[in-house]
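A single structure is presented below for examination.
As written, the chain order gives the labels A, B, C and D, with residue 1 at the start of each chain.
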Amino acid sequence: MEYFDHEYRVIYADTDRMGVTYYGHYFRFFEAARNEYFRALGLPYTECEKKGLFLPVGEAHAKYIAPSTYDDELIIRTSVSHLGASSIKFQYQVIRKGTDKIITTGDTLHVFVDKTLRPCRIPDEIRQKVKVHTLLRSRKP
Amino acid sequence: MEYFDHEYRVIYADTDRMGVTYYGHYFRFFEAARNEYFRALGLPYTECEKKGLFLPVGEAHAKYIAPSTYDDELIIRTSVSHLGASSIKFQYQVIRKGTDKIITTGDTLHVFVDKTLRPCRIPDEIRQKVKVHTLLRSRKP
Amino acid sequence: MEYFDHEYRVIYADTDRMGVTYYGHYFRFFEAARNEYFRALGLPYTECEKKGLFLPVGEAHAKYIAPSTYDDELIIRTSVSHLGASSIKFQYQVIRKGTDKIITTGDTLHVFVDKTLRPCRIPDEIRQKVKVHTLLRSRKP
Amino acid sequence: MEYFDHEYRVIYADTDRMGVTYYGHYFRFFEAARNEYFRALGLPYTECEKKGLFLPVGEAHAKYIAPSTYDDELIIRTSVSHLGASSIKFQYQVIRKGTDKIITTGDTLHVFVDKTLRPCRIPDEIRQKVKVHTLLRSRKP
């Protein structure tokens, strides 16, 4: 799996009085998308947690190219762009559904930690399943 | 203490594309206000938690009379309107600062529970400090 | 259509440090569910807005029966329980998917207003399509 | 003014079931802090809006060094780290109050636009008042 496409429809709660999705809410979208990436891989994050593995966010970044608004259908395309010894980096593209228009890009860096918040090596099971892939800027066909 | 006035200034994140504060966010305001009510009483909620006492919300209600928007200064007036054996009811009035205009009212019902989520009697320390008081609709003097 | 079932999976952002979905976030779930109710009816809310009709929330209520947490799949069952001259009341049941366990109930009251926020009669098109229906507490069949 | 210190106390709504402030909510804190930066400068953002000037976010970034949790008192130290022809960059340090412990850093890049969302030159009034200043990592005295 090179990437996973998670769909989300913007609700009123996501928008602000500028009429568009509030910049901070994209990090919610990113979270939901990486949850589904893991599930699609056969490794739901709840299973990680049961094994005492957690993935706190170390860094987060978003670039806002065009706005989205209420009732827009978004695709949050998610890939793993880097896999270190104990770190994992996700990359996101928010695409307006039915187009190849990328409206927001982003990434989040996570460290695998145990219950005591000590970094730990990424389990082989995850390492074997994850395929590192960098999302390219999509183009008009 | 009959009631406590908590101040909050609305940010963009609180508004939606109708230009006003999103209805669901008032429950954030209520939470912040009851936190400060307890602190003003000398019983910060963190102390309750340290004693193994928790106050999950059983019921929540809000009535929206007039909107608020970005940068509005709000006063969230908070009182305890009922104290049962193990339950406590908070009442809220959201007032536009500098006026006596009530823009939203609400209440939340909570049950004191222990770590196992079993209801437990309200500690005497709390019972002695809390003064049950019903907020009246304020009026021009 | 007596009711519409909207599905939602809880994310980390929805939870709080008690480990469960924050009480205020259920109002987000209710909003998403009533959006989809209207869409299922063939009357997406964006169409209402285009006609200069808005549905601000006048009152909101939730009763929390059991908690939900991260990754739970929820069904938000939504019906219109009352239709007045210019008001509409929605009723919600949040059900843990795959069970008939109702974990939260709620309702929201809305008034149809025009652009100047003046209440206006519910359009016939909506009145004809909406079927007033009261959700019963579901039971094992 | 080199920087402005905005204070905020974390509420339950800000936390997630890991027990700490959800990563996406820091962007709320940043917003509140830059609102107050502008106000301290004598240029509240509402005044910008009245003049038809808006400041959408073009990019946002956060680095999470240590967690914060419920009831923590945070200081969000905010400066303008760059001022272009039509762009402005804010820099943030989230500090645990009463310490010099920086728990999160971040920045946001904004473009001044008019009502038609066209970039426009930063007004002289703002340019004259803003003092570009880079926050240094604070140190134990």
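A few points about this structure:
Quick note on the criterion: contacts are C-beta pairs under 8 Å (C-beta built on N, C-alpha and C of every residue); 3 or more make two chains touch, one makes a residue touch a chain.
Computed from a predicted model, the values in this text were never measured in an experiment.
Seen from the Cα centre of chain A, the chain whose own Cα centre is farthest off is B. Taking A-B and B-C together, the chain pair joined by more C-beta contacts is B-C. Measuring from the averaged C-alpha position of chain B to that of chain C gives a distance of 24 Å.
Computed centre separation for the pair chain A/chain C is 28 angstrom, with centres defined by C-alpha atoms. Centre-to-centre, using mean CA coordinates, chain A is 35 Å away from chain B. For chain D, residues touching at least two other chains, in rising order: 12-13, 18, 20, 24, 27-28, 31, 70. Across the complex, chain C meets chain D through its residues 12-13, 15-20, 22, 24, 69-70. Of all residues in chain D, only 9, 11-13, 27-28, 31-32, 35, 44-46, 70-71 touch chain B in the complex they form. Residues of chain D touching chain A in their complex: 18, 20, 23-25, 27-28, 31, 54, 56-64, 67, 108.
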